[in-house]
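Shown below is the structure under consideration.
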Amino acid sequence: MRKISLSNLDKLFALISEKAKLYLPVDGKNGIASFKLWEEGVQMSQALNTTRSAKDFFFPQTENLMEFKTEGKNIEIIDTRTEKEDFVIFGVRACDVKSFEILDRVFLSEPVDSYYASRREKGVIISLACGRPAETCFCKTFGIDPASPEGDITAWKTATDLYLKANTEKGEKLLASLDGITEACGEEAVEEQKKEISAIMDKLPLKDLTTDKFGVGKTKEYFNSPAWDELSSHCLGCGTCTFVCPTCQCYDVKDFNTGNGVKRFRCWDSCMYSDFTLMAHGNSRLSQKERFRQRFMHKLVYYPDNNNGMFSCVGCGRCLAKCPISMNIVKVMKTLGGKEND
Amino acid sequence: MQVNEYKPKIVAFCCNWCSYAGADLAGSNRLAYPAEVKVIRVPCSCRVNPMFILRAFQRGADGVIICGCHPGDCHYTSGNYYTRRRMALLFSMLDYLGIEKERTRVEWVSAAEGAKFAATMNDFVQTVTALGENKRLEDLRCKK
Amino acid sequence: MENSKQNLCNEIVRRSGVNPRKCMKCGKCSGTCPAYDEMEYHPHQFVYMVETGDIEPLLNSKSIYRCLTCFACVDRCPRGVEPAKLVEAVRLAVVREQGKNHLKADDIPELLDEELPQQAIVSALRKYSK
Amino acid sequence: MQKVTREMLIEKASALLAEGKVDRVLGWKNGEFSYDVTPFVFTDVESMKKDFVFGDFAFANFSKYLIKETKKSENKVLVFLKPCDTYSFNQLLTEHRFNREKVYAVGIPCDGMVDVSKIKEIVGDGIISVESGDLIKVETLYDGVKEIAKKDVLAERCVNCKSKKHVAYDELMGEEGEILDSNRFDEVAKLEAMTADERYAFWQNELSRCIRCNACRDVCPACTCEKCVFGNPNSGVENKAASNSFEEKMFHIIRAFHVAGRCTDCGECSRVCPQNIPLHLLNRKFIKDINAFYGDYQAGEEVGSRAPLTNYTKEDLEPSEAVNKEEN
Amino acid sequence: MQRIGVFVCWCGSNIAGTVDVAKVAEALKSEPGVVLSTNYQYMCSQAGQEMIKEAVKEHKLTGLVICSCSPRMHEATFRKTAAAAGINPYMVEIANIREQCSWIHKDMEEGTEKAIVLGRTAIAKVNLNAPLTPGESPVTKRALVIGGGIAGIQTALDIADAGFYVDIVEKKPTIGGKMAQLDKTFPTLDCAACILTPKMVDVAQHERIRIFSYSEVESVKGFVGNFDVTIRKKARYVKEDVCTGCGLCTEKCPQKKVPNEFNLGMDNRRAIYIPFAQAVPKVATIDADYCTMLKTGKCGVCSKVCTAKAIDYTQKDEFIEEKYGAIVAATGFNPISMDKFDEFAYSQSKDVITSLEFERLMNAAGPTAGKLLRPSDGVHPHKIVFVQCVGSRCASCAEKGKEYCSKICCMYTAKHAMLTRDKYPDTDVTVFYIDVRTPGKQFDEFYRRAVEEYGVHYIKGMVGKVSPEGNKLIVQGSDLIANKQLKIEADLVVLAAAIEPDKSARPLATMLTASMDTNDFFTEAHPKLRPVESPTAGIFLSGACQGPKDIPETVSQAGAAAAKVIGLLAKDKLTGNPCVAHSDEMMCNGCSSCEKVCPYGAITYSDKEFRGPNRTTLIRRVASVNEAICQGCGCCTVACPSGAMDLKGFASKQIMAEVDAICK
């Protein structure tokens, strides 16, 4: 374990920046924190988490895949890949780090998504333990410990110092390169913080939420539940929950005709949208209820079915904070799961 | 690529009954105006959807001008009155978003005003040329 | 000289707010004028002569003082020309042109009495002095 | 004046349900925390007693929900409408969006909604409970109980409330308020006073945050198209993602234009934006312009009124005058 | 995918002079959809058209792009060519490379480059063109004429003579209108009754004409070829089919003090009356405002004397519904009120009268039995002053007069002056005029005769004031030529009052969705080329409701309107412009925005059933466009936020494709 004084943080960032592009959470206007490229003078955000998740680094909202150019009646195919640079993301919270694993199972299983794969390869993740979880946090429900986030390097921030510990080869390599400005240290302070966080976790309002009722093989139990009507009845069908969600991984591939050629790109899609999975014959999920059910069944049942019981929710609480009508996965779990969860 | 003198792209929407005829008259009288102006014929200026204007900017236009019958002379009696309201509000909004207000214009040109059509186009091209390329409403994907 | 006359003519048109080109030469103003026989130049002639710039005779004519400013011509004119205002403007031009102070500030105290509204004197001063 | 309370609303609903005047109640349902209130259709008094809430976070403007809700049954639905909601209610009626006969509208007074993000700016994360009042009591995990003046955490739209008057209802609870002289155009005027470059920079920064989640559109009571042009692959202008700065602008300009003269300035668009883009400043620009160009017009004030963009006069100002007016 | 043929025209050297046509044709070859691109000297020539037809066959073309002169010039030509070659005429687009390219550019390179862009734009559009078929709607072979004056009578007769049914709706108890009130007509001085009443009889006896007298149009729905009209037949309390018109009741009625409107109130009639001897229909009418029986329930004299038992005090307004293919507005005119012209003392002296009143005074059937006597004392006037342009050409006082020239006054005043001098040579006649306007056949000659042969004094000037003094009227006016102010002692003053459209025209125009000018005259579809048609299809204009007119002009316009109506009714079906708006019902949310901006009322709403998700049905209000009414302006397409409304031939996607092609 290494540490560096908080007063020297800028030096740390500068040093990392020399090796690769460094992104970290920055406070923007109107209370929006987001990952920004670090440059001299950029201050790291004190916010618990960014408004959008960190999945953009590996799975951006829009991404050009390739381009076709026509000259007369000939077509030329142009490779427009851009995921070629090394980069470091600093300050990823435990929930978002966990989300990468969930995305990996989708994009890195055969056939491998090479765009995603090369970004994963180029990116180094420095996670940061959560000192002050919010009332909307329920990562613990999914077995995530905010005091010990995963990632290539894990960081803890105390009142005076930043502690760093490498978890992977990539992380060790990066950490080693920072030896000049960090010093070796014991784990006492970190252990202390872990205890504090654990104590807070026991006070969170959603601490008792469990996944016991969900997971593998529950499709039949919930698919035709009458509760879906009520839960979905006021869903606006917007994409807010899916777009702030760190684990939503649906996308659409579209062509854009520029007049001089065609750009093929992919962009996030939302299962809440009425034209999601629109096919030639029409739409497979015609009502908002069906679309709404799809989202939550996928997170709580279908994904675990396909991934050895792993849920595709990390309890980051973004959808709780952002849904225009305050409908969210917690309410769904409690309603479907019955009394025990209430 | 060789460096060319900057020539803006101008889309002119002309109503079939007055302004398109005015443009034809300008042609019949051999009144020159820059080749950068390309006319799209619409039945009435009220057919012009704000979306078409933004579309033109997206695709690389540097200026968009809408020409219709003089208010009161609309072939369809009231179309250009609606155009006038729609465009007044749209242009004001574009200005509010910081997009150069000189890039959009509405002119009333009658079928008899060939000279006005040519003069309007000359003036508009000059104005837009002075502004230079449209950067604020461009879509980089459409750039060559 | 021509120029200054034209200028004066324009000034009269401006001051009166009358557009003599609106006249359709029907003669109703002169048909309605109660002071017609007293005037050398009649209301319709005022309009016509100002329109053509021939104002010299008007400036020298007693007619400008014969107009009663009854506004009958203004009321009856079908085209809204308002000849009386034009007569008034010509009269004013003469008053000012002559450079005479028809009323001086010094004269005022003498004029003041209980009956005469002070406002009348103020407006007279404005009109008749330079 | 007696304050209208949650209990009074439940009592009213209970009476109307008992009389058979309505068979369901569109109201606000309690959530996990004090502030995550969800629209809900109650069908019995018991569930209302348990879950119905009314207070500082009863944001949702139910007008738009009536389109769907009135089609569900032959019976009337009871809906509670705050003053600003009634404008949307009327505007939707003007556009024939639901059957007035199927609604029993109860006007309820409103002294402003509270923006939880403003509370969080003061107390930080970890809110456990929020207690209403002129002084709001907020308990957090980290700092215990804090008192905050309600006026300091009022939602943006309530700070500049345009009207406390209900323009539609079958029955009114509490006293009728008045149309207010709000300063709602001040921010627009401030932007107008900037240079074009500054305005461009401002909007570029704001709109570039858009993630095209469409929440603004989907919550908007004026956006009631069967299918939005931007979501229709056949329209030729469909775009699913905010793939670049042009499409963000296109979407927001055209959306604002489509609701121009129909937008009642209810402020829902800005409230729901997950990226906190001040979208209401676009709509208010149109409202301000409409008032200046064509005379004062408040959408929804009157059912059946002719919107400014479906109207004209022969003396309207020219587009060139519209943009050159703002020059000082 | 279309198979497009591109044909670049040289137009001799008109295009080829500044555009390299071969290069344009070559460049357009590789555009999407193009299978043939060629050029020719004169595309519009017989040979050029043949070339196109052959190319269509040989290359199986589905769309054509002609790069040539303006579409305003030859679009129709090439559409016919396409049709002849067997493809839909609306699969043709013209790239205007002459008026908008070769003629305005001097530089060959520049012109060629622009012509390529214009060609490419047209190709982009044709790629999205769809075959269009004009809609058809049936034509009801019956016309409605609103107004039974000479304009309406002539129009109705002409239409009926051509073999179509016509109904005349007249709000007064008889047809005849203003002309029935006139004495003689200029410039030939025929007696008005002698030439009008035979026509009235013709109308009454015509087997294809129905007269709804004492009736008004209540509502008009529908569109060209298919109007649904409701006519209110006002209760006249006399059974029309029973009354023999014997007139006994009109002599016996005890209520004698009803001002007789036919004589402009210069004498009285009874409460039951027949307007004049030659009235058509010759049927009595009870004036409910004055009838004692109807007001108090006590009297019943007319009923007692009526041997035919035609009186029915219980009669109610009756509503008649009828379908029409065409509607003619012939609502006519009225003199304006003189009440506001204080200077002429109209309301102060009975001896100041209007020209129409003068007509009645001269008329043998008038209040004085044709003797010219002063209304005040019945004495024969020896000095008469006529004042022209009273209220006409009056720009300053919109509430008093009219800005326009009433057109007919110069001639009838000359007529009056002449007739007076002819009948009463001892009478001195003076006419004050501003201008004498006589542009008509034999008109100026007529006016000169009044001066030269009949000794009428024409004075260039205007009367400023008329003041009654004793039994004389002092007329003060200017004589601009003598530069004198005159004071004439007159016995009678006659005012040539301006004329205005009948007050019923405005509400009628609203019902017909026909436009009007600020003076409430109906607007014509084109002031020169379509003077008897309203811009609203199927609505025609006859007589003074379109603008001031004298009788000869009215009759000729009435004939012209009839010809247009006949032209319409002769068709079994109407073919519309296929470039009309279309509402996608799946997308429409029924908000009514489009309906509000449609200038033609072509959009209607209905509740329709749709299939919802999961086997549910939904009822939604949706718009539909009546293709027979829509003129294709496209205003609705922009008012519609969802894009449900689109314009065929100028669809949003097509226009955007053009934009894209230009900006490429």
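Chains here go by letter, A, B, C, D and E, matching the order in which they are written, and residues are numbered from 1 within each.
Keep in mind that, in the parts below, a residue touches a chain if its C-beta (ideal position, glycine included) is under 8 Å from a C-beta of that chain, and two chains touch if they have at least 3 such contacts.
Note that the structure is predicted; figures quoted are calculated from it, not measured.
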> Between A-B and A-D, which chain pair is linked by more C-beta pairs in contact?
Replying inline: A-D
> Most remote chain relative to chain A, going by C-alpha centroids?
Replying inline: C
>> So, comparing C-alpha centroids, which chain is the farthest one from chain B?
In response: C
> Which one chain sits nearest the middle, judging by mean Cα positions?
Replying inline: B
> Taking each chain's centre as the mean position of its Cα atoms, how many Å separate chain B from chain C?
Replying inline: 51
>> Based only on mean CA positions, could you tell me how far chain A sits from chain C in angstrom?
In response: 87
> Taking each chain's centre as its mean C-alpha position, how far apart are chain D and chain E in Å?
Replying inline: 49
>> Between chain C and chain D, what distance separates the C-alpha centroids? Give it in angstrom.
In response: 64
>> Residues touching two or more other chains, restricted to chain D: which are they?
In response: 227, 229, 232, 237, 243-244, 309-311
>> Quick check on chain A: which residues sit in contact with 2+ other chains?
In response: 256, 259-260
> chain E: which residues touch two or more other chains?
Replying inline: 597, 639, 652, 656, 660, 663-664
>> Output every touching chain pair, sorted by label.
In response: A-B, A-D, A-E, B-D, B-E, C-E, D-E
> Of all residues in chain D, which touch chain A in the complex?
Replying inline: 31-33, 35-41, 60, 65, 117, 120-121, 124-128, 141-142, 205-206, 209, 211-215, 217-219, 227, 231-233, 240-244, 268, 271-272, 274-278
> Which of the residues in chain E end up touching chain A in this complex?
Replying inline: 30, 613-614, 660-661, 663-664
> What part of chain A is in contact with chain B in the complex they form?
Replying inline: 256, 258-260, 263
> Hey, which residues of chain D end up touching chain B in the complex?
Replying inline: 188, 191-192, 196-204, 229, 237, 243-244, 246-247, 249-250, 253-254, 256-257, 260, 282, 285-286, 289-290, 293-294, 308-314, 316-324, 326
>> Going by the contact rule set out above, which residues of chain C touch chain E in the complex?
In response: 22, 24-33, 36-37, 42, 44-45, 72-73, 76-81
